[in-house]
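Both complexes shown next keep chain A, but they swap its partner, so chain B is in the first and chain C is in the second.
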Partner chain A sequence: MEQFTPLVRSKDQRPIRYLVVDDSIFARKNLAKMIESFGGQVAGEAGDGCTAIAEYTRTQPDIVLMDITMPQMEGIEAAERIVRQSPDARIVMVSSVGYQENIIAALQKGARHFVQKPVKPEVLYEVVKYVLGDSAAASAAQAAAGVTP
Partner chain B sequence: MKMELIQPFINAADAVLAQALQAPTTIGEVSMEEEAYRRKGIAAMVLVNGDIEGRVIFDLEPKAARVITSKLMGTNNPDSDEFVPEAICELANQVIGNAVTVLNDQGFNFKVHPPEVHTSPRGIGNSEDTEAVVMCFETNTGAVFMNIAMRYNRRRKNDGD
Partner chain C sequence: MSFFSDERAAELRQLFFESAQELLQALNDQGLQLEQHPGDTEIVRGIRRTVHTLKGDSAACGYRELSELSHTLEDVLTPEMAAAKGNALAEIVLSAADMFDAMLAAYRGNLQPPDGDPLRKMVAELLASPNANSSADFKPRFEWSEYDRARMNDAINRGRPVYSVAVCVDPQCPMRGAALQLIQNVLQQAGTVLAQHPEDATPNTMPDVMEFAVATSLPPQTLEQKLHIPAVVSRVVIALWEPVAAILEDEDDEDSETEQDVLGITESEPTPLATGTNLEAKQSVTKRPSTSTNGSDTLRVDAERIDAVMNLVGELIIGKSMLYQSISEFGRRFPKDPLRTQLLDTMAQQSQVLNALQRSVMKIRMVPVDQLFRRFPRLVRDTAKACGKDIVMTVSGADTDLDKGILDALAEPLAHLVRNAADHGIETPQERIAAGKQAQGIIRLNAYHQANHVVLEVTDDGRGLNIERVVAKAIENGVITAEQASRLNDAEKAELVFESGVTTAERVTEISGRGVGMDVVRNTLARLKGTITIDSAPGVGTTFRLTLPLTLAIIKALLFRVGTRIFAVPLSSVIEITRATEQSVHIVDNAEVLRLREQLITLVRVSELVPGGQGTSNKFFIVIVGLGDRKFGLVVNRLVGEEELVIKAIQDNLVSTELVSGASILGDGTVVLILNLTAVVERLGRMRLSPAAQTPVKAEGIGASA
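Right, the complex of A and B next:
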């Protein structure tokens, strides 16, 4: 997989920590590979919305990648609950179902962005960079040193 | 079943498979099927309900399923079966999700359920008022079958009553 200039936290130059939420183990593995290529670190994983809320509280990630269609509790509801308890939470919805109503609902509930599956690494990288804004920096130094988290 | 229902699935399957395989696909045989569907390899089923109700089965020949899984995982180990059912479910999820996105933007509202691995060697029957369309996508790794059985439950909003 293509390697990207590592994204690190501006405040301490540590790798960005991700919470990956998807009911498909395969999709989670795939996203984890992309995260690795971004120089990030998977802080936690969840296969449904309820577990995602608990994992968010436990891991306090920098960003959440959240699927929509999941058993028990869907991603939009989980995003809403996470944002209710942590208004600064940065959540990117990652779903194959990308129709307007869904996207609008997710954004209204507090998600910051939407990426449609199949996920292109270069698209996700740009979205993560955009959503993290000033909290993240592309670390050319780490890239040059070949540092991996 | 009307073409307006089928075409988004064909387009989505074509696009998702081409991206997964990094190679073009061609549509082979298309047929109508009234008999219960019997799977041909590794299959995943996705149910939808709402203005349109039904199911889509995404069925890959075992070799194609293994190669696609390994390509999606970025590995060169097409002999491993470990993640194949998961990968096919995710592939089905992406195809159906993309098709549903197009149909929803055309005015149809429905809910997509999470994909399930279809393991039964026995067929899945169609309901009395649906017939299935089966199409075969020829890929450079083998055949991929898509079986769509759907019916209108309600007309879309902008068609009126």
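Right, the complex of A and C next:
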């Protein structure tokens, strides 16, 4: 897999921590691989919405990649609850094109972005970078700037 | 084409011309729409369908040049092109409509169609211009509505900078709705969204370019950064919004650029086109009243066939009155005969059916005035553009029905009035603002029924008619004397605009802004037995009101006798009838007048038109007729009655006078001449104004030629 300039947290130069939520193990593994190529770290995984909320509270990730259709609790509801708990939560919805309505709903409830399946690493990388904004930085640049603080 | 018989091919071509005319109208409408909403993919698709149909139809008829040109045009009619160059595309579509029109006119006359190269060149330029196909070169319009602007100003007053933001949605992004939502989210997080264009974007109709007005305290760089949403937005343009002045200048520059492009094209074939269209419209047969394309319930019929039926109905009506006459004669001879009542009953029933028949046939000839009105948005747009004005046209009563023949004859006069209103009536934006009006001028077309008439109004909210200067010019050109002018009321003064005075026309235009062809307008109206009046208030605007009969074929008329002849005038123009004697006629200012209820009414001696028409009796009737706002009294010997007349056109070589507008036959076979009131009053009225003209009129009297 293609390698990306590692993204790190601006505040402590540590790898970005991800929570990956998807009911398909294959999809989670696939995303985990990409995260690895971004220089990130999978802080937790969940296969349904309820677990996702619990995992979010436990791991306090920098970013959540959330599937839309899942058993028990749909991604939209999980996203909504997480945002209600932690308004700063950065959630990226991951879904197929057919679920546009659901994505719109999720965006209205506080999700920050969406990527469509099949996920393209270069797209996800840009999306993650955008969603994290100032709190993430490409590590090389950060290394240079990181001397001063 | 060769596998059809000649007749079949001709029929096919006729059909093609009819539908092509409608397609062109649609193309014009759509082009204007696109200009309003550049980048609207739905409109572009519509245009493409229209052009595609035209291409197919013309190819089927063997009109290769037209078909090929349509094909060329089709190439650029893509949603991408609309998003990138909506305005330029609209220009091309409108120019193409003109070009196609010219080609159709040529085909119709079996001429070589004009060369389509100017259009090809436009298309090529559009395609060649850098990045035409990519979203990289989109041009935001940033035209906010008045309401939006008010909100934006408000935000600025509260100390928040306002930015116009245009985002180009990534063509790769399949979820437009989600993209829109995300963009809105980002903007709402950054500040307050004050306006959005298009306002009603939904996931399905969302264009490639969205525009917003945002009030934010974020620096524009940050805003731009935030809007560069990966996988959703491909390009962002941000401009600081400043109230009015600065923006206006900017837009003006762009406009003049495109304007030059247009001029380059239209210059090659401007006016002949317009007249060509009008001529065609006159010749073309009944069009469908609605623009809808599903023709399952409509039937296309050649107008001539309907006219034939109308003629027959006319003959029936004449037959009816003959029959009536015979029956009353019969009744007089055999008053006791039971057959008499039987005949009368049958007759009554017969005439009821006949009336219904007449109404139905007349209804077939009726078409909504929309057919006429819909040509004008384009005219207004072109005129406004040419003289640098901002004009909007509104239409009401477009579904009012009018006789097809009248409607066609009105095309040119109405176009003249509309063009005048746009060209001279409406001021430039600067003048308007200085006068405390909105920069955008309004031209209103209105149509409505009034009794037995249809009224069409052309109203502008411009500077109004400068009556004093019209009068001054009329005096200068000898149309009236200063002394006469001093006695005219305002309405009469305004009507001087219509005085032909052939040589004065041009100069009257220069000073008053009205005049060229105004006499033509009035003459057309007179020919249609209609009238035209002007309402004008300085600084407020001008209204031209055209009053027309519902139909030309059958009129209710008042018949009267002058000398040995029977004349008729349309009953609709008769206001009242009164008796008078020579003693009650006064001479005021060289004209005979009658004092009627404190009002002086100018008398017109119809008898002067007939040799030996002066009756011996010094008692007579005065038929008071209204022409527009003015009243005249026709002096007649005897009243004959009221009758439904079927008008038969008189061939010009038989009666070479405009004083008569037609003739009809009465039940007893008597021929009645129907007076053209406008001409009669003008002729006899003018005689009063300038005694020098008296002799020629007499020489040309009706009696002499009939």
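Keep in mind that, in the parts below, the second predicted complex is superposed on the first by the 136 of 149 C-alpha atoms of A that agree within 3 Å, B and C clash if a C-alpha of one lies under 4 Å from a C-alpha of the other, contacts with A are read in each partner's own complex, and residues count from 1 in each chain.
In the analysis below, contacts are C-beta pairs under 8 Å (C-beta built on N, C-alpha and C of every residue); 3 or more make two chains touch, one makes a residue touch a chain.
Model, not experiment: these values are computed from the prediction.
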Statement: So, after the overlay on chain A, do chain B and chain C clash or fit? They fit
Message: Between chain B and chain C, whom does A:100 touch in the aligned arrangement: first, second, both, or neither?
response: both
Query: After superposition on the shared chain, which partner residues are touched by A:30: those of chain B (first), chain C (second), both, or neither?
result: first
Query: What is the contact status of A:137 with respect to chain B (first) and chain C (second): first, second, both, or neither?
result: neither
- prompt: Looking at the overlay, what does A:113 touch: chain B (first), chain C (second), both, or neither?
  reply: second
Message: Once chain A of both complexes is superposed, is A:126 in touch with chain B (first), chain C (second), both, or neither?
response: second
Query: So, does A:79 touch the first partner chain B, the second partner chain C, both, or neither?
result: neither
- prompt: Among the partners chain B and chain C, which is in contact with a greater number of residues of chain A?
  reply: B
Query: At the CA centre of chain A, how far apart in angle are the CA centres of chain B and chain C, to the nearest 10 degrees?
result: 70
Query: Which partner does A:70 reach: the first (chain B), the second (chain C), both, or neither?
result: first
- request: Please provide the least distance in Å between a C-alpha atom of chain B and a C-alpha atom of chain C in the combined superposition.
  value: 6
- prompt: Which parts of chain A are touched by chain B and by chain C alike?
  reply: 97, 100-101, 116
Chain A-facing residues of chain C, complex: 174-175, 177-178, 181-182, 185, 203, 228-232
Query: Where on chain B does chain A make contact in their complex?
result: 16, 19-20, 69, 72-74, 83, 86-87, 89-90, 93-98, 100-101, 104-105, 109, 112-114
Field: Residues of chain A touching chain B in the complex
entry: 1, 23-27, 29-30, 33, 69-71, 95-102, 116-118
Task: Would you pull the chain A residues touching chain C in the complex into a rising list?
output: 97, 100-101, 103-104, 107-108, 112-116, 123, 126-127, 129-130
